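Just passing along the structure, written as structure tokens.
Labels run A, B, C and D following the written order; every chain starts at residue 1.
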Amino acid sequence: IKRVAVLTSGGDAPGMNAAIRAVVRTATSQGIEVIGVRRGFSGLHRGDFITLGARDVANTLQRGGTILLSARSHTWRTPEGRARGARHLRAHDVDALIVIGGDGSFHGAHYLQEEHGIPVIGLPGTIDNDLYGTDHTIGYFTAVETALDAVDKLRDTGASHERIFVIEVMGRHAGHIALDVAVAGGAEEVFIPEDAKEVAGVLDIVKASVKKGKMGSIIIVAEGYPGGANGVAQAIQDGTGMETRVSILGHIQRGGSPVSSDRILASRLGEAAVYALMDGRSDVMIGRQNHETSYTPLADTWEKRKDVSRDLYRCAKTLSI
Amino acid sequence: IKRVAVLTSGGDAPGMNAAIRAVVRTATSQGIEVIGVRRGFSGLHRGDFITLGARDVANTLQRGGTILLSARSHTWRTPEGRARGARHLRAHDVDALIVIGGDGSFHGAHYLQEEHGIPVIGLPGTIDNDLYGTDHTIGYFTAVETALDAVDKLRDTGASHERIFVIEVMGRHAGHIALDVAVAGGAEEVFIPEDAKEVAGVLDIVKASVKKGKMGSIIIVAEGYPGGANGVAQAIQDGTGMETRVSILGHIQRGGSPVSSDRILASRLGEAAVYALMDGRSDVMIGRQNHETSYTPLADTWEKRKDVSRDLYRCAKTLSI
Amino acid sequence: IKRVAVLTSGGDAPGMNAAIRAVVRTATSQGIEVIGVRRGFSGLHRGDFITLGARDVANTLQRGGTILLSARSHTWRTPEGRARGARHLRAHDVDALIVIGGDGSFHGAHYLQEEHGIPVIGLPGTIDNDLYGTDHTIGYFTAVETALDAVDKLRDTGASHERIFVIEVMGRHAGHIALDVAVAGGAEEVFIPEDAKEVAGVLDIVKASVKKGKMGSIIIVAEGYPGGANGVAQAIQDGTGMETRVSILGHIQRGGSPVSSDRILASRLGEAAVYALMDGRSDVMIGRQNHETSYTPLADTWEKRKDVSRDLYRCAKTLSI
Amino acid sequence: IKRVAVLTSGGDAPGMNAAIRAVVRTATSQGIEVIGVRRGFSGLHRGDFITLGARDVANTLQRGGTILLSARSHTWRTPEGRARGARHLRAHDVDALIVIGGDGSFHGAHYLQEEHGIPVIGLPGTIDNDLYGTDHTIGYFTAVETALDAVDKLRDTGASHERIFVIEVMGRHAGHIALDVAVAGGAEEVFIPEDAKEVAGVLDIVKASVKKGKMGSIIIVAEGYPGGANGVAQAIQDGTGMETRVSILGHIQRGGSPVSSDRILASRLGEAAVYALMDGRSDVMIGRQNHETSYTPLADTWEKRKDVSRDLYRCAKTLSI
């Protein structure tokens, strides 16, 4: 391994820069050069490359977003598109590719390896935490913190007006953010895609909550729960006659300076990616499981599922009394 | 003056607790007792009163929301409703009433004074900053800071994806928050109710911004601009073909621990309210103008308008190149 | 089990309130009453008790500090002192005691159980993370985040003046905070009690760092490293002639609203404590290890040591080039 | 005016980048070129110049520190030093110089104008707010907010242990930060250089505070108060026998992303600086007074003093009961 390329793909996540920095500095310390591919697979397809030295990633650790930019690519989904990307990599003497993103991005990486024999490593970069093969994904901790900060603020105003706030957090297919935010934010209820419970079933909880003298209620809804926050709010309003307010937190959950846990996770994974390539590994996602580095075949990341913690789901219920 | 009542009314604003605390402690230091009215005029109408001593407001300075709660009251709009509130105040030997809220709340206070001769003082408590008679309102600085923090986060993700973000901030009738956030957040454009410019007129700016190599654009829209953020985003998308994302910040702007400027303003105003009553003033809102305490007839607060700073509006334009 | 008591002891840590709340609500949901002991063992000795219902812990989840207060107790160290505490517990029909604190506090709990047969459970509440038997302690994540926020700020000013900042973080006996902050803050060097390396050995790194064109350097020192930040700064200044600034972060690391990870950990542990007592467990600390609840004999918490992550220590070095 | 130079000098302050950006963009919009001088007067002396276009200051508005770096210069104090700086400016066809800093920096600018006829404009950039001729200085609001955040955190831990915290904030010659933080932080006492009151005189207040059942006390001390926080703490401990803790906040007050008020002030002043030069003004500091742009002869900034608000000082006392 003389030269590796790195790119970020899919929705950006806080900590992606920390991962890029770790890749660059670890590689540099091992005498390996690093090429940054800008704008994800779309840039790979067009040969949008820059060289990255140790100083180029200075002062990026604490920045949100990704200095390599990200984009969705449609051309990448065709064999021709990938062939073109592979040619660009070869033309620049790149020996391997590190992809920071979600399972969609790992798909692209996997086929590049399969079709063109270029070693690829995936690093889990997505705020949703819905990747099999790692306890946490880069960006997840920051997204939870941002959402929690918003919930704390909404509780202030909700309590002052004794209102019910229905708050939608990100998570198109998974309730990880919603569940963490619900427990940490002291929510009265949480709705996640992993559990099909109906709003009608919890109306009594909302009513009881008010009777108990609670000053305002907080209901957390994952984006992926059918109907979203608007659906839940409507059902509550219809079923209880109580005034509800909806807040959809949206894209702020993607931004911001990464919290320490994301910076540390990203630093560890970026470092491990370079060592993995040096050890001859390929077609795997590097994660952390039970405080150890783990290697998961890329295909597993889209074929297998990581469930939310059922313990924590119960805990959320117990503590909301 | 032996005993004063204080209430918070209308939308809650960060710093209301600091104002209540200042009223209570200043009054106490002058040998005046304080009654807290819970749930605004609605509570006044029902006699929902508590006594407030110096220790009861300990540890509230830094809290968002209002410990006295707030609510909308419809009964208050009738002479009968106000007569009932006046009876409750008299029954509790209350000599005067301090109302923390916006111009709608001052209306209620004004009629109470007019119809029942109870001295009233208004304190400007609203995040919108749209009150004539004071440079700033309690809660405004915190709301701007919260919105700015969101804008900084959205810029991270917007820049990474080179997207146009259209962000709606609070301000139903006024562009104060929007303008401050636009300048402080380095927005490419800002739309406020005070200026009827059309979206069509700024499409070239958006297009040019992208050509200049800007990584993503931020457009700020005040809630009260016709069509809101959704309208602006649609017009931009239609007119430029560029991908836009909308973020409506909503109620998070009301909550959170007040920033220093709001705590200090609220502390000063709460103190001044008690002294004003001791000096025999009534039917006025207390504000700060050019670093001095000012007294504005309550009626002026809804009859006159405070414009946004035209200087700053121009400055926003100059700096967005 | 009909009634349990809970106290917080030793240095306060963010998340202690979340743990108290979880104990109270879980117990309440199981028909168990909860007594709060104020001011730690000192209050236990004096019978400073209050009852805690589900509503009494409302709105405490997000608060720093401890609503039960904490204090150091000397009387507790004698058998007579403990006997007196035991009498108070019996007089109030308390069946078991939950102690939230560090290993010093667990000592007291252990002897209470041994001498008076009162079941005790320990919950790890200390920002230092230096407790055997749990991956993380309550308060640790928040302390790291607070320290990191300070490091980010110092980097701004350090870079502007191209200065060397030597920053001391908490950790009298352990380098956990220092190490996490060093990696997350992109420090050039870190000094922890677990590694006796001398400052003289790293002077070349500091000099090289400047030569590489780095704008300012950040050096993290754990409180427990011999000489502390002042010693390290002096050695650097003597050895390199470069201007250094010292910043001792101190007690701010103990305060603040707990971050999500601390709230969730505290919620889980508080819940588990009640269930553990119901299951007949005693004389154990409840922790989380590899995402599962774990039970460690209290004596192990002061007899065994938890090392810092050696991997991460190496990673800090690699990434600081 | 065809070309202006800009530099930052003295201690860095949050918002300096916003001021640089405003200078660059306003100048650019007026067809004027901008040269950035790196490392303050020291760089001016050495000709350490870079060109700054509108894109070079993109994404700097929200950054702490100064992208132009700052430094102390001794050579600058001699006529020879200044002559050399003037030669560099002339060699680069610079028509005027904008200096962002404190009164020490304005001294240098003033002599450059006097001795070499180069028009100079000063912008108030210092966290201390101790400059005559402007209501607030760039960086002040952020420093207050950072200190207040620390005070809120220390209150959590102080209250939990019922301790007295003596907190030292910046302000070598002025109590502006201390006073704002005291009011906003709800401090029991505040010591500033502007008032020579002795610690002995307030011991009763501290003792009474504890008797009133206050959970912990917060005492704020400005750096410039004789003896500093350590002196005050010692006097309190000696005089009351109560346990005190000292926290010296230090350099964290200089760093961090600027709050909105600093970004807006800096944006306005940077814009005004360019217009002032175009209008033929020189040897003045531009400030904001009562919401209007003001021009103060540079010499006034070191010859006249801005007092703290005596009103607010009284208010701090009233509200601490």
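Note that in this section contacts are C-beta pairs under 8 Å (C-beta built on N, C-alpha and C of every residue); 3 or more make two chains touch, one makes a residue touch a chain.
All of these numbers come straight from a predicted model, not from anything done at the bench.
Novice: Note the shortest touch-path length, in steps, from chain A to chain D.
Specialist: Counted as steps through touching chains, the separation is 2.
Novice: Using the contact definition stated above, find the chains touching both chain C and chain D.
Specialist: none
Novice: Turning chain B onto chain D with a C-alpha fit: angle in degrees, nearest 5?
Specialist: Answer in degrees: 180, to the nearest 5.
Novice: Going by average Cα coordinates, which chain is farthest removed from chain B?
Specialist: C
Novice: Please compute the C-alpha centroid of chain A, do the same for chain C, then give the distance between them in whole Å.
Specialist: 28
Novice: Which whole number of Å gives the spacing of the CA centres of chain A and chain B?
Specialist: Roughly 35 Å, centre to centre.
Novice: Please tell me the distance, in whole Å, between the geometric centres of chain B and chain C computed from their C-alpha atoms.
Specialist: 40
Novice: Can you list the chain A residues in contact with two or more other chains?
Specialist: 152, 155, 159, 215
Novice: If each chain is a node and each touching pair an edge, is that a line, ring, star, complete or other?
Specialist: Looks like a ring, each chain touching just two neighbours.
Novice: So, with touch as defined above, which chain pairs make the list?
Specialist: A-B, A-C, B-D, C-D
Novice: Any idea which chain D residues touch chain B in the complex?
Specialist: That would be residues 21-22, 25-26, 28-29, 54-55, 58-59, 61-62, 135, 141, 144-145, 148, 152, 155, 159, 180-181, 183-186, 212-215, 257, 259-261, 263-264, 267-268, 271, 290-291, 309, 311-312, 315, 318-321 of chain D.
Novice: Would you pull the chain A residues touching chain B in the complex into a rising list?
Specialist: Within the complex, chain A contacts chain B at residues 8, 11-12, 14, 63-66, 69-71, 146, 150, 152-162, 165, 215, 245, 247-252, 254-256.
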